[in-house]
Amino acid sequence: SDDETGGGTTTLTVYAAASLTSTFEEIGRRFEAEHDGVQVKFSFGGSSDLVAQIQNGAPADVFASADTANMDKLVAAGLDGGDPQDFATNVLEIAVPPGNPADVHSFQDLAGPDVKVVVCAPEVPCGAATSQVAQRAGVTVHPVSEEQSVTDVLGKVTSGEADAGVVYVTDVLAAGDSVDGIEFPESAEVVNTYPIAPVEGTDDPDLAREFIELVLGDAGQHILQDAGFGQP
Amino acid sequence: MIPRWLYAPAAVGAAFVLLPLVAIAARVEWTDLFDLVTSQASKDALWLSLRTSAIATLLCLLFGTPMAVVLARTSFPGQGVVRSLVLLPLVLPPVVGGIALLYTFGRRGLLGHELDVLGLQVAFSTTAVVLAQTFVAMPFLVVSIEGALRTAGQRYEVAAASLGARPTTVFRRVTLPLVLPGLVSGAVLAFARSLGEFGATITFAGSLQGVTRTLPLEIYQLRETDVDAAVALSLVLVVVAVLVIGLARQGRSAA
Amino acid sequence: MNLRFEAVVADRGVDVTLDVADGETLAVLGPNGAGKSTLLEVAAGLLRPDRGRVTLDDRELTAPGTFVPTHDRRIAMLAQDPLLFPHLTVLENVAFGPRSRGAGRRDAHAAARHWLGEVGAADLADRRPGQVSGGQAQRVALARALAADPVLLLLDEPMAALDVAVLPALRQTLRRVLAGRTVVLVTHDVLDALLLADRVVVLEGGRVVEAGPTAAVLERPRSAFAARIAGLNLVSGSWRDGAVGGVRGIPVGPEPASGAPAVAVFRPSAVSVFREAPGGSPRNSLPVTVTDLEPRGDQVRIRADHLAADVTVQSAAELDLAPGTPVVFAVKASEVAVYGT
Amino acid sequence: MIPRWLYAPAAVGAAFVLLPLVAIAARVEWTDLFDLVTSQASKDALWLSLRTSAIATLLCLLFGTPMAVVLARTSFPGQGVVRSLVLLPLVLPPVVGGIALLYTFGRRGLLGHELDVLGLQVAFSTTAVVLAQTFVAMPFLVVSIEGALRTAGQRYEVAAASLGARPTTVFRRVTLPLVLPGLVSGAVLAFARSLGEFGATITFAGSLQGVTRTLPLEIYQLRETDVDAAVALSLVLVVVAVLVIGLARQGRSAA
Amino acid sequence: MNLRFEAVVADRGVDVTLDVADGETLAVLGPNGAGKSTLLEVAAGLLRPDRGRVTLDDRELTAPGTFVPTHDRRIAMLAQDPLLFPHLTVLENVAFGPRSRGAGRRDAHAAARHWLGEVGAADLADRRPGQVSGGQAQRVALARALAADPVLLLLDEPMAALDVAVLPALRQTLRRVLAGRTVVLVTHDVLDALLLADRVVVLEGGRVVEAGPTAAVLERPRSAFAARIAGLNLVSGSWRDGAVGGVRGIPVGPEPASGAPAVAVFRPSAVSVFREAPGGSPRNSLPVTVTDLEPRGDQVRIRADHLAADVTVQSAAELDLAPGTPVVFAVKASEVAVYGT
């Protein structure tokens, strides 16, 4: 829905997965620069939370999900205002505290008895991906904690509490110096795809479409890839 | 007059609560803090938090005080059950509280149709933030005031009645002033709880800058990208809370 | 206002029926735990009796199916604990009643100042209750009750903690303000009863054991308690051969039938005290043991068992009395009044 | 004795708190509930929650009661500041509280080295859950008991001292029994808050079935895949809380 | 134990110095707000005086740099409010002191039963404090204080709410238990002072205005308050031409110098009351206005301004007195004792 705030500005409300926070904020700034009198407001959160909110009437114009399953829920509820389009991918990476105290170099190392590993719980997308990778690699990881979100996993690693955590490559990049990333070949077998779609009932479908175009376009893709996302 | 040995566990307890605060403060990059705090997003969030928490506290006082009085001063069948139920938001994980509120005031909730007819869209508005905060903060107020009422007893109220004061006068001129300390600490607790409220808000109200993104939500969001910034911003929350608690205590001891 | 009172409070063992006529002050006397405060609580509507009825003129206040709340009874009560509202000044405390009955702030304060003056506490007006002494607080509470201008005033030992220097002045105030009012006054002080009350009721063990005009009860006490506080000696027993329980006396009013219950009453000042029984003249001689000596001005009251004798300080000194000393109380039969009971 | 009109806002307040609970209950598939509740994961979570909350409540009582006594019965410079700081966990978003605990008791935290030397590894253990719960629940207990102490006043303690009772005896035989109602409601609040604790636990202790995954964490996790199941499970939490609150009230009125 | 007491509490306007000898009972008299309770609070260590020193034998309890806490003073205090612990039974309340001093449960209960019996409250042992009457509570509090077996006992109007029927028995108990103990007894009742106290101190406005052996103070009161409670008339002024303030009398002891301050004291029973001034015989004639009438047994005490006269009931009736009646008090100079002050 469009909000009339102050001097006749139009507001575009974008609901986006939490992992898109910094990239979408940058895209939003660019969008505002290109559209006079338009303000982009974001609501970031877990994809499943966002879908639940939209289902309950939250005023979203655009929805960008971190996985296809949640976008499917939106479609199933008939709340998509146009076909979802994939705009980014993401793969897993091992995050370790700077200096890698537990000497982790491969996914197999995570099975070591003295390594404190944290992963996402199997119920959340990153956790599902992690267990798929483990299965394919034939490795049994005994995590000390199965976290509810990537942020929680990263938090344990940055604080040095855990020796290693399995997160997305974009998270490792975003965390900067506070973690080191360790790529592993098995990650290529489980690629996570991010779809985006306008939301049914938006007051300004054109603006929503233009935002999606910006994300899919060169400028958007450039920003996303800088942050470590892959191209779909 | 108090046993000396009591100071030992008291100090341990205080240290346990205070050390983590020190640990946070020690980690904050004080130079960055200023930029962070003066960013538009932070200012929006702080202002929204203060506004909604104040209104929520007011609502708690308006509706919670009568509840406390009814619970403390009357007896009716099933009172124990009502009391337990009223305290439930305390124990309900806030996210579940948010879901419950959605089920009640949401578009598809219990009262959704009625509210729709009235043209009221509660969920995902600033109103929703206030409702979420009121819901989680109410029990604090009720418990504090009920406790104060019970400890104060009814002797002064009886004396007032025998002087010809009708119940409303007794309530206004005797009961309320007598339990003022309990009322103030209840309100402080409710305000603090509202200020810190996160789970129910994000579920029921969402997180939209300037509309529903209160300071805790802003902090949560910041944590996705920059944990240190999030921690720094939470210091702002802490300072605001200390100011409010301090002012309330001051006002109370002056009264 | 005419109070009719009738109540049973089983778990306190109280079962009392009494009336107070319009404009009358009734003193309620009785030992600790007799039920005096309970009576007042029922009258004020603070306690629902198990059975009973409280009527003020034709208005039923407490009755089966009826229970007028305290604030609607226009009954003010001053209990043993002053219970001044701690958050109000002394002046505001006293102004509370008038304000509750709708008076403006200015009028209420004027009334409060008036009543504070009456009880000699005008200079405390601006203090907080926590800053006054125990007796001062009780005086303020009295002013507060009076300022509420009730149609029935219930006073529960209002003067127990007041100093003797203000008592006469306060009694005078009470006399003036109680005149024409309907009042129930619980007191331990027989002077209060004598000076302030038209009638007296004596409670013992939750029951009325005596009732009547003040003077009559105190002059003709039938219960040990009434006799004790009236300062009179009382021996009860049956009337036989011109004596009650061995004490010869003169019947007042119709002579009781032989064997009928009766009491013999005589003043302590009529008793002579001897170390050994005197011979000859026709007296009642009662051998007793001294239990207590109470100086009273230039007299000493000698208590022995349940009897008392008043002698001069000199006599007491000459007799060399102390608790435990065996003595003989002698009283002329002409000084002993006998009443059938 | 209470003004009649008070019932109206009291009823509104009660409805506001109770309706969401009704809304939740109405959505629950009662047939599924049984399976859900008896699943191993749920039973583990419930048992863990009860154990940790009980210990946390005990710790709160042991250290919080002395703090409340010191705050209520003594005065020292900076007391106001200490009081405000002790109340802070109330207002700190639980997640930030969890971060603060990590900064303090974590491997690289303030006390990390000392704890390491002692061979204590707090993070990812049940101990961490208890610490997180104690941290967030402590202020509830302190506020309740301090309020009760202030309302009760010192008159009885003075009387006891004049009978020759030393401070410890006074504390044990007079102070504690006198503020028992406040103590019980403080403990109930603390237990309830511990039972519902989520943010600090997940941040500080993580989430592993049987070790650190308490009922709220289990509910949160379940919510990712099946909101209705999560809501149903939170009803279990509600029932447990009601039972505990009810029992505490009962025990208190019997005392 | 010998108590030396010296304290200034500025904001209550109290500045008191007094001593109590070992084994002595000191009665403290004075009007409401005189500072009696404040004095006890300082002695008990409940209030730190602005300046002062409290010493028990050679032990400094309160002094600059010293402040022994209440529980270590071995001083028991019974205040106006009984303050029975609401969560303990009556028996447990009384056993509290012995148990605090280390007695076993059984011994403490035995002691408690003993003291409950002494104050006539044995049957209340198993009640809760909320279930006893005001007077009963005060009796239990008295038992509790006695059971604590203190070396110094501070009693603040312990008997104000007790009924007259138990007072003599209780006074006897107190006499027995106070004998040999060091006690400070605040009271409004001159009988308590007479019977229980060796010495009396009178406070007025926070200062000691009179002190001395009980009998001496009550027989030779110098302050209006002491005179009032002693039941004696007192006129103060300067001694000139054989009279004090216009009242002629006989100096007792050395005659004051002319113009020196003095008091004239006479008993109310020495006063004759007339409607008009009697002619002829050499009397002091004092025109006054009746303020109060107090029946006292077969006498009536007539209070007029600050003086009192005792007459028989018949005379009072014949004189047709009421408050406001102007009368003349006449007293023979030989009945008036004059003391230099």
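Should a chain be cited, it is by its letter among A, B, C, D and E, assigned in written order, with residues numbered from 1 in that chain.
Keep in mind that, in the parts below, a contact is a pair of C-beta atoms (placed from the backbone, for glycine too) under 8 Å apart; a residue touches a chain by one contact, two chains touch by 3 or more.
Predicted model, so just to flag it, every value in this text is computed and none were measured.
Touching chain B and chain D together: A. Counting only chains that touch, the fewest steps needed to get from chain A to chain C is 2.
When C-beta pairs in contact are tallied for each pair of chains, B-D comes out on top. Chain geometry summary: the mean Cα position of chain A and that of chain B are 33 Å apart. For the pair chain C and chain E, the distance between mean C-alpha positions equals 22 Å.
Between the Cα centres of chain B and chain E there is a gap of 56 Å.
Of all residues in chain B, those touching 2 or more other chains are 1, 161, 166-167, 170, 223, 227, listed in ascending order.
The multi-chain contact residues of chain C, meaning those touching 2 or more other chains, are 69-70, 81.
Within chain A, residues 52, 155 each touch two or more of the remaining chains.
Interfaces, counted as pairs of touching chains, are A-B, A-D, B-C, B-D, C-E, D-E.
Chain A makes touch with chain D in their complex at residues 46, 48, 52, 116, 118, 121, 123-124, 143-148, 152, 155-156, 159-162. Taken in their complex, chain B has these residues touching chain D: 1-10, 12-14, 16-24, 26-27, 62-67, 69-70, 73-74, 80-97, 99-101, 103-104, 109-111, 134-135, 138-139, 143-144, 147-148, 150-152, 154, 157, 161, 166-168, 170-171, 181-182, 185, 188-189, 192-193, 195-196, 198-199, 216, 219-220, 223, 227, 230-231, 234, 237-238, 241-242, 245-246, 249-250. Chain B contributes residues 102, 106-108, 121, 123-124, 202-203, 206-211, 213, 221, 223-225, 227 to its touches with chain A in the complex. Residues of chain C touching chain E in their complex: 30-34, 36-37, 80-81, 132-136, 139, 156-157, 160-166, 168-169, 171-172, 175, 188, 190-191, 194-195, 224-225, 228-229, 231, 267-269, 291-298, 303, 323.
By the touch rule above, chain D contacts chain E in their complex via residues 155-156, 158-167, 169-170, 173-174, 177-178, 180.
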